[in-house]
């Protein structure tokens, strides 16, 4: 269907053929946020003992998930990521933990799904580690921030 | 640390011991949304040929991801899910696709992470299949809706 | 849809709820065959040095694949298999290697997909190891032989 | 052993060294069939509501399995597939659903195992979704149809 | 073969049948060590900034690997671990980092392989993060420390 | 932190960026040993019927684990291994089974973690298959033997 690159001429979901795209350096950066209650925010964002381990575990989980993207998203290509990083910053006013994931690779297709998957799983890991304290956390703002390489050029949201 | 069940007495991230919890029937329901542009919304929500396959692929991806949760979220226990379902409805006013994932199991710990992971990966799959058309989609509202079974009783958000 | 247990009331593919089925001992046995050329058949079936390793690798691959079934077949439940075995016999007349896979478990749903997946991957592994010699091998006769436990009773094909 | 590329000079199963093969565009197409009873055939092949979801789920499962091939077949190399597609056609006379899987990549070794694995898992998924109705389905005719790229040249069965 | 529980009556490697064993609480504890050079030891064991993250990442990797054991060790059963913990202590005299992994479950077979896999992957992760500084690290002393539950009774090494 | 390539400027564990390293042929060889009791040693090393299958299964497990390294070791890059081999020799005096794993690839980063993971999982598989006979086996001497390719040049331990 026109524009839907994963839908073939018969209206079926199939992997896009990237065999004729050129190998270029590609970059993607995604972000997302988790809104937590006061108790979780203080513990995680304000530096109590748990902080390192909650965000440390979430960072590792996000990086591993970015590498696992083609196993999770059915029509994603396996890619050789040359770098994945996951970082957290804090938004005191909104009482939110903000996660960003950056992915670099040299390959035939972009890595925005890897960056978005890294963010999502990192935030789910924060959720998991804090859910005994707060059952009303919410993940939002999961979106692409920047993308470069490939024929669609440079994108900044 | 007090309340943080995944942080042990030394402040380290470790799996909670659920060996003394009783095996009970447990249920969790999570939801999330993806905001898309007009073109994507019409194609996916309004019934063009692509609809079945975009949401069909996303449903399968969400179900498989729910089963994969302990591989993604470091401190989650492996569980024997007795049912996973993923559904989509449309919010015309907000131009959003709403995903819900329900999980049932008989076991020693709850399945909210499975439901949340199912929702997240289902929405990421929608994103992947529509990203050639819309680079500004955003996933939000990922949260627990309902939970039952286990000592913390019935929770409805 | 009536009879199609994986299709829900809205015609969507979803996992069957097995939460109300009882935990019983269950057994499944599947079989399949690969037809190979003279050269492969002699080497593998007739005892040359390669025999042990081709079938040994295929046996291990089949057992590991049976355990991986819920990752491969979207709507299969994760099960705790109590036994998986993979065996090979030879049909000289047909020049075929016959594989059988037996699976046992105590659980809420049957294991025929595990047995069928074990057979399929074991035979694909034989194919892989012999494909430099024979490009016309064919896998056929992959089917359920016997099944026991659960409400549908004893089945023998 | 002579010809058995996966058996080393000591008769042991080991991965073939493809490091000196050149990176070329490669293509493989495999096929297979599942014989089903009248009730399954009508529902799946003749267009009832279940059709889309049975074959849609099987297509996604086949594509994901093709990407997973090196995890399933012990001596297969990890490859960067540039395209995987899975299609179904119907053979009314034989009452069979025919699956084909095409795989493309640029790499140092061929992708016939990926195509064969895609076909096998897609057919097993059809089996899974229809097994409550028909316990005597049989998968057969799983074989390579065409292969191109690499030093062994173009193969058509 | 007598004593080799994974070798069947025909001398073939196959999974042991644990279907007739009773479900009991089981426990296993394994240990292992990595010998590192002065520079690595100071940085990791003596509290510089890297410490938390090297051992934090290794702890997460070990816990995730323990859950993945049946995917790695061909004849291991899938188990529902109720707890996994990974800890590190330091042996200043030997300049070694000592890792222990404890695993608990309620099930039909023991978890020593899970504990040993957790230790091995945790130590390999330490190795990975320090290998730019020390190429002569060595992992040793990987062994079972204690085991309980099941018919073989309590074992302490 | 200086020297710790996996620790970024903020002291956080993140994947190294290898995007600017050149694609070269790389090679790594690792080794490790398992010390076993008399009964296990005779059975496995001295040629009884079990020998082929214990070491055959361990070889397959080691090769598959080497391919799985980026799923196990959090900060390892996905690599396209062009060859993996696992071999065993026997040290009668020490009553030890010695495993070596060699890995080759063309890529942007070395493969020592793949070789070390291959050795570790192969030895754990030997352990698993012999643990009913000997509960005091010990894995030791897991280390890098040789490494070539990349900017750090040729390393021989």
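Order as written gives the chain letters A, B, C, D, E and F; numbering starts at 1 within each chain.
Here is the rule we go by: contacts are C-beta pairs under 8 Å (C-beta built on N, C-alpha and C of every residue); 3 or more make two chains touch, one makes a residue touch a chain.
If you're wondering where the values come from, they're calculated on a predicted model, not measured in any experiment.
Undergrad: Both chain C and chain F are touched by which chains?
TA: Joint contacts, listed by label: D, E.
Undergrad: If you average the CA coordinates per chain, which chain's centre is most distant from that of chain D?
TA: Taking each chain's C-alpha mean as its centre, the farthest from chain D is E.
Undergrad: Among the chains, which has its CA centre at the largest distance from chain A's?
TA: C
Undergrad: Identify the chain pair with more contacting C-beta pairs: C-E or B-D.
TA: When B-D is set beside C-E, the one with more contacts is C-E.
Undergrad: With chain centres taken as the means of their Cα atoms, state the distance from chain B to chain F in Å.
TA: Going by mean C-alpha positions, chain B sits 36 Å from chain F.
Undergrad: What is the distance, in whole Å, between the centres of chain E and chain F, each centre taken as the mean of its C-alpha atoms?
TA: So the centre of chain E lies 15 Å away from the centre of chain F.
Undergrad: From the C-alpha centre of chain A to that of chain E, how far is it in Å?
TA: The answer is 30 Å.
Undergrad: So which bits of chain A are touching at least two other chains?
TA: 12-13, 52-53, 56-57, 60-61, 64, 68, 71, 74-75, 78-80
Undergrad: For this assembly, give the contact graph shape among line, ring, star, complete and other.
TA: Here the contact pattern is something else, fitting no line, ring, star or complete shape.
Undergrad: Going by the touch definition at the top, which pairs of chains touch each other?
TA: Applying the touch rule to all chain pairs gives A-B, A-D, A-E, A-F, B-C, B-D, B-E, C-D, C-E, C-F, D-F, E-F.
Undergrad: What residues on chain A touch chain D, complex-wise?
TA: 8, 10, 12-19, 70-71, 74-75, 77-80, 107-108
Undergrad: For chain E, which residues count as touching chain B in their complex?
TA: By the definition above, chain E touches chain B via 25, 56, 59-60, 63-64, 67-68, 78-87, 104-106.
Undergrad: Would you tell me which residues of chain F are touching chain C in their complex?
TA: Result: residues 52-53, 56-57, 60-61, 64 of chain F touch chain C.
Undergrad: Along chain A, where are the residues that touch chain B in the complex?
TA: Going by the criterion above, the answer is residues 1, 3-7, 11-13, 32, 39, 43, 48-50, 52-54, 56-57, 60-61, 64-65, 68, 71-76, 112-113, 116-117, 120-121, 124-125, 127-133, 135-144, 147, 155, 157.
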